[in-house]
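Note that the chains are named A, B, C and D in the order they appear, and that numbering of residues resets to 1 at the start of each chain.
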Amino acid sequence: MTGSPVRPGFANGREKNAGGRPGADPGLQDGATAMFPEIHEECGVFGVLGHPEAANLVYLGLYALQHRGQESAGIASSDGERIIFHKQMGVVADIFSEDILAKLPGNLAIGHVRYSTAGTSELKNAQPFVVDFESGSIAIAHNGNLVNAQRLKNELEVQGSIFQSTMDTEVIIHLIARSRLDRIEDRIVDALSRVRGAYSLVFLTRDKLIGVRDPHGIRPLVFGKIKGGHVLCSETCALDLIEGEVLREVEPGEMIVVDEQGARFSRPFSHVPPRFCIFEHVYFARPDSIFGGSSVYQVRKRLGRQLAEECPADADIVIPVPDSGVPAALGFSEASGIPFEMGLIRNHYVGRTFIEPQQSIRHFGVKIKLNVVRDVVGGKRVVVVDDSIVRGTTGRKIMKMIRDAGAKEVHVRVSSPPTTSPCFYGIDTPLRRDLIGATHTLEEINRYLTSDSLGYMSIEGLHSCVPNEGKGYCDACFTGDYMVPLEVEDTEEQLPLFRGSVRI
Amino acid sequence: MTGSPVRPGFANGREKNAGGRPGADPGLQDGATAMFPEIHEECGVFGVLGHPEAANLVYLGLYALQHRGQESAGIASSDGERIIFHKQMGVVADIFSEDILAKLPGNLAIGHVRYSTAGTSELKNAQPFVVDFESGSIAIAHNGNLVNAQRLKNELEVQGSIFQSTMDTEVIIHLIARSRLDRIEDRIVDALSRVRGAYSLVFLTRDKLIGVRDPHGIRPLVFGKIKGGHVLCSETCALDLIEGEVLREVEPGEMIVVDEQGARFSRPFSHVPPRFCIFEHVYFARPDSIFGGSSVYQVRKRLGRQLAEECPADADIVIPVPDSGVPAALGFSEASGIPFEMGLIRNHYVGRTFIEPQQSIRHFGVKIKLNVVRDVVGGKRVVVVDDSIVRGTTGRKIMKMIRDAGAKEVHVRVSSPPTTSPCFYGIDTPLRRDLIGATHTLEEINRYLTSDSLGYMSIEGLHSCVPNEGKGYCDACFTGDYMVPLEVEDTEEQLPLFRGSVRI
Amino acid sequence: MTGSPVRPGFANGREKNAGGRPGADPGLQDGATAMFPEIHEECGVFGVLGHPEAANLVYLGLYALQHRGQESAGIASSDGERIIFHKQMGVVADIFSEDILAKLPGNLAIGHVRYSTAGTSELKNAQPFVVDFESGSIAIAHNGNLVNAQRLKNELEVQGSIFQSTMDTEVIIHLIARSRLDRIEDRIVDALSRVRGAYSLVFLTRDKLIGVRDPHGIRPLVFGKIKGGHVLCSETCALDLIEGEVLREVEPGEMIVVDEQGARFSRPFSHVPPRFCIFEHVYFARPDSIFGGSSVYQVRKRLGRQLAEECPADADIVIPVPDSGVPAALGFSEASGIPFEMGLIRNHYVGRTFIEPQQSIRHFGVKIKLNVVRDVVGGKRVVVVDDSIVRGTTGRKIMKMIRDAGAKEVHVRVSSPPTTSPCFYGIDTPLRRDLIGATHTLEEINRYLTSDSLGYMSIEGLHSCVPNEGKGYCDACFTGDYMVPLEVEDTEEQLPLFRGSVRI
Amino acid sequence: MTGSPVRPGFANGREKNAGGRPGADPGLQDGATAMFPEIHEECGVFGVLGHPEAANLVYLGLYALQHRGQESAGIASSDGERIIFHKQMGVVADIFSEDILAKLPGNLAIGHVRYSTAGTSELKNAQPFVVDFESGSIAIAHNGNLVNAQRLKNELEVQGSIFQSTMDTEVIIHLIARSRLDRIEDRIVDALSRVRGAYSLVFLTRDKLIGVRDPHGIRPLVFGKIKGGHVLCSETCALDLIEGEVLREVEPGEMIVVDEQGARFSRPFSHVPPRFCIFEHVYFARPDSIFGGSSVYQVRKRLGRQLAEECPADADIVIPVPDSGVPAALGFSEASGIPFEMGLIRNHYVGRTFIEPQQSIRHFGVKIKLNVVRDVVGGKRVVVVDDSIVRGTTGRKIMKMIRDAGAKEVHVRVSSPPTTSPCFYGIDTPLRRDLIGATHTLEEINRYLTSDSLGYMSIEGLHSCVPNEGKGYCDACFTGDYMVPLEVEDTEEQLPLFRGSVRI
């Protein structure tokens, strides 16, 4: 264990790791859940008003946002009188049948997809949340994480509120219900003025679609239109699928209220510097989405080029860890002149119910998703480009596979700086103590991965590749610079989960 | 249409209905949902503390109470730290697998079964309700109906409460959460002192099982024990199945708090006259359950004997409408000397998913459940004994079946008075305007049923057959005598359902 | 262990069993599967031609025959060109949705229900069997059991036939396919002339419905009509439900061919004495069905009266083991003058998936189905009437329940003789060694059951109660008189199951 | 309609199609089922003997072969006495739970995956086929298609065989059962000597695993080992996943018999020239599989390089149609020097139950799977590389998407020759009349696709890229050169499907 976290740069472990003999494991356990990605996006949201098949459009929109969460999904629509909703564990295509969509009438609807992890997977946390309160019914879909939810929850409970989920989103609903203002949009502003953290929200009432993005604009939210109506959604790729048109991103701190009269825009919150999550560019968002005027794909390619500048490698081929590492690897290849190859093949049939048999298949978790093309890497000096290293356990297994396939050298290049700090704004990163970048030096990580050399992107390099030269981004996961102050003492740890009952 | 509702007594329609020609339909429509019984019990509850397999016992207890509700079922257990729960649409045996029961650990647990109707069948109304509030987590299972829930809901919403169901039970939870008292039992008393109506409740906290019965004791609640622990449940038959011992009925207005130290009893509410639902004896409860010291079976037999006294018939055989009419028919046979026969056979394989084919099978609804034994009724003068007539549509179909099988005469005898008033205390009767006993004379009903004669039990006769000579019962469904005042203007109609969103 | 099987008559165990202390267990184990009845009917069949909603009618018909088998069900229909079919494990109402019925077009269809036991439950044995052969496609539904199937199967395999099930029915199909005759009805006769045993069959071809009953007429088959069409089915109760008309029973050895031209009748097999299964009257058939001109209900009542003559009891009440024991108990009550009571209440919600919890609830198996009405049996001398005793394990549990409820004496009366011999003609009785009537004396059985006395019906008494004074019945299960000779050496044991692969 | 099918080469439609205006549609309809790929591999097979968790290994092997068929899957294992099997519609991960795998004991097992199309999807055609016959039980899993199955089926039916599926595989089983030889391996050879066409088969008996490849070796079959045992499977990638070792490909016409004694090899069929399906290299096989000593990935890259030689394009970027087009596009990029980009993003969450909403989203089918990265193609001259064009409908939609995203020019390059002839050896290609390459000239296709130019690989080029310089391949789909003569008159059409009944 080291006192200072790893700094971006180079580790050349060729002597130590020659021949693929793994270094001594510096205190790390192989993760048991390697079947799932190491980082989980919290959620995706989608809302539409003004289209006769609103629920159908939400269905498609959620489908396009499925990468942002595969645990549960839900849609709520309004028929002008009541809000009708359906939500369930699972993926969009499995949850919604024609029958169910037909029961979600109306020309306004919202939806939500939520991420999947084993432990906290509960139906009661599925969204949209739909409640009845003084002014009628309201549905909410939330992407992000509040940092003062626990304190607000305690306050609300003292005042007699009850909680039926362990999601911070429920706090927002309570605050809206307790607001003494009249109009729903005023109540929402009233409520949100008390919460702090990350939120991109879409609300549905009997006759309105409302979108709000937190003052820092941490999580994305896009405003678009489709013939006859308006759309609010997490990423532009959802508009592509339904053949809608992107109008613009919702501004940090902006509220958009859409009803039959059209859309109204306001900036009800005090202005603060924008802090768009830089990790959306690095890993989360779909490459065909556009943020800040640049496609995520192009940003990732620039990251790869920059990485080649910063951490060159003397090698024969560049291969990505698919799918997210592909554009960066293409950029690395372009800048370095080292040929790009798809040396790792991804199996896309991994179902949620896949059983890990009770036998000793080594490195099983990653094998079920990835296989090496032996002919490509055999006898070669290989650069492996990935977007990030979180725990390092998956990376170590990939190294082993590549070496077993006969690679002469394996050089790991990461298109982002070391992940040293947990995210408190809506990304399910592990505790700091499980972040290999927080607890080990570059050399130690290189040894752990059994790579011949290891290179991380610098934070400056990262900034230089994203739109606006990196101004206005949250990069706390790389820097620990939490612009939205936390309310927990030990900021090294994850925000405490709400205590509460468990629905199975 | 008559001004005054039918009075118990006799209608001899032999001249008019001779030969089975149906009388003119006096303004009634055949019900479309005849597959389901005409009356639905709301719910059954079960709780246990002190048994290492608490959830398993609740499972069995709910299974024994399944007749009280087949729409949804749920179990919540406490492992000493958290409350874990599972609830779902369907019947007990289908919802709970070994896997799911294994995930409900702890030595205290409660459960709930809820009735099934097409329209209001929603997962969000399934119980137990489990919420987190200031003092921790709490689960509630409720049998009964509050009469001031809508007003309380309005008040709570004005104070900022949100509602996630359309069940009055949620009002109780909010009142508990808003109580300023400390101990959970005091909060419960505080909350319940504000509600009026029928409630038999079991609560589960981290370490306590609490049972409360409303001051009138409208719905049943039984206290029992099993080796090492205590049980609270709706009927004694649930204790039989788990080989527990009935200790006594929970007193009207009594609260029983069970924890590791044992059971504590209190009577925190002001004393009012008891009003046990007399319809539990007539129809709802299982015949092997015991209330007021008499088995329901014996009460029903007495009803049959009394009915034979009040409304004799000159006939060859007595047949029940199975299964609920069997004991009364036995009693009628005993008192009248007319032989008892099982002239109607019930098919117990009716599933929830049974499809009614698109063809003209007459009287289909009742046929799927009942068939006549032609050899038994052919050429005979038949007395048909049923426990009650609600809409009359099912009865009319049964008459037709019996006549088609060759019965010479059919005399309908009902072991309760005409049902003239809706129930506001937890039984799903139709609106007054759909109660044939409220809108038609005895002669009209007889004509509608196409029976040769029709006889209802008198209210005095009913009283004489139940324990304690009928003192301390609610018989509003027969008399309109609502001892717990309602808060709606038009007491002729059902209590308004909570408005609200709909989960599909 | 005794050399000679028990003879009908009386055992008075009052001294030995006084006070309900069970006698020493004479070598019997409590069955683990007491949740299921001890005897299983093999199957029910239904076919219709000439109705535009043929599959719907079959659905209803199978529903009415559900008591004959709950393991699997299937329907095959012909659209005039092809046979379309669907079959699945489970009960009729769960297997067939509107969607699936809509995919089964045509005006002719057949269906099948099959019994449920844990061990041999396999989809590959579900019926109708549908195969393509030289003349086209054919579907078959079979009730009964062949006694020379194993030999024929061996012969067919030597000739190169393959078997995809372990049902003897597949032998019939192979023989039809290998027949050198032209017309399908001739092929069927050709094939059936080689098999021996019990079969009531309905066949479906592209344009024909064919029914055949074996020369002895062991299993039932009824011919009826519905407007526009003809029906073949196992019991008359199925015609009642669809409002069809019973024409007559198919004669033993008769073939009925129905097509657009109408019905044609033939008796293609050599005449042998009829041997209708007497156990259909005793237990299997629905009481509202009619065989031999008598309703099953009336036969069972006569059995009860005869039983009272043969084995009187000095007692206070007569109670049946519901549901099948009800008519016999009524008859016993009538003849003896001892009042009839429903002292055992049956819970009809037992699902197929019911879990038996891992705890020590005594006599659990039977408790889940039956509960005693304590008020009825307490302090009473009780006659318990059941239709048969097979293993005796369930009976022993029932005795215990009744004694625990405070009965002073319990006298068991069985409305059939001791079951001493396995059935080889289509009823799933246990091996001879598990038939308590085959291995123990009357006194031993009485001691095992812990009853105060035990009385069985005589074979002569049984004969006197069924139609035609018992002539023309198979009563081998009571007498060992197998009129259709077996082809296995050890006739004490069950017919060998076909060896073969297992589909899970 | 043209007299001669299109020849490989160039069509320059720049004048006609400039600006993306589509040419007149030359008689083609947009396919309604564009959600599914245009070509379907029939099947994948996997067998293992000698491993204590045989069924688990088959499960993993099928998982790795899932790309070869997603309609149904099945596993059969032997416990030394009986064959136990399970098969179902759906994908491997959804069909097999731990419970089900636990019921498939033994150290030998085989499995099968089958392709998915809407129309012919029937459970009765799922494999492995398991039957009982003279010598015991046998299971078979088949990849390929027989060309004389219909004639053999007719002959077998005349001899009295019955068919329970519409798969040609059942013919093989019948021939084995009818063989007069003793040993199962001799019976298999006897049977297969009568069939003609494509077959890679694995058989399971009580104690043997047998693999056979047809004399031409049309479909792949690989022999490998795992510690303690042997494996037979369709592709090497399945051995990678289970950490087995590839020993070699099964030779055309070879039989391998594996039992406890080890593996025995024979070549029982007369030698004919090998004809390995060249389309496995072009499209079907996983890129990480190895055939003929070359990884499929490397062959596809060579195809791309060759394509760049034959059909150069003056363009800014090269993009693949993912996933299958990636290696060829990389090769094209390498050879041409035009930068490679991932301009189309594939959504991998397409479930089988995806609903196509009832609205006018243009080009919907392809949109659900693919989206364009606008930043990549906008304003660019784009080369789109795909492996084949079958109907052309999907390609037309892709062109539209790319043009809508602002591409200046779109040049289609296909890494195989025009598909002009249906496959009769196990690939589900459409009828000849639906093959755009068979019915239209190069110019017409270019116009239909709305591309600026269109280039196909030459057959010589294709040959030059696969192992052994293209010798020993079946390329009938490109050439019409059916080396295994067909038995149907109109060789322009698909082989007739077996007539027969339909299981829903």
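Keep in mind that, in the parts below, contacts are C-beta pairs under 8 Å (C-beta built on N, C-alpha and C of every residue); 3 or more make two chains touch, one makes a residue touch a chain.
All values reported here derive from a predicted model rather than from experimental measurement.
J.: Could you tell me which chains are in contact with subunit A and with subunit B alike?
T.: Correct list: empty, since no chain touches both.
J.: With chain centres set to the mean of the C-alpha atoms, which chain is at the far end from subunit C?
T.: For subunit C, the chain whose C-alpha mean is farthest off is A.
J.: Round to the nearest whole Å and give the separation of the Cα centres of subunit B and subunit C.
T.: So the centroids are 36 Å from each other.
J.: Could you tell me the distance, in whole angstrom, between the mean C-alpha positions of subunit A and subunit C?
T.: Here the centre of subunit C sits 61 Å away from the centre of subunit A.
J.: Please list all residues of subunit D that touch 2 or more other chains.
T.: Residues: none.
J.: Have a look at which chains touch which and call the overall pattern line, ring, star, complete or other.
T.: Ring.
J.: When you check every pair of chains, which ones turn out to touch?
T.: Pairs of chains that touch one another: A-B, A-D, B-C, C-D.
J.: Taking the complex as given, what residues does subunit B use to touch subunit A?
T.: Contact set of subunit B toward subunit A: 76, 82-87, 100, 103-104, 130-134, 137, 139, 157-164, 166, 173-174, 177-179, 498-504.
J.: Taking the complex as given, what residues does subunit A use to touch subunit D?
T.: Per the touch definition, subunit A meets subunit D at residues 53, 56-57, 59-60, 63-64, 66-67, 70, 91-94, 96-98, 101, 237, 240-243, 286-288, 290, 294-295, 297-298, 326-327, 330, 334, 339-342, 345, 347-355, 357-359, 361-362, 367-368, 371-376.
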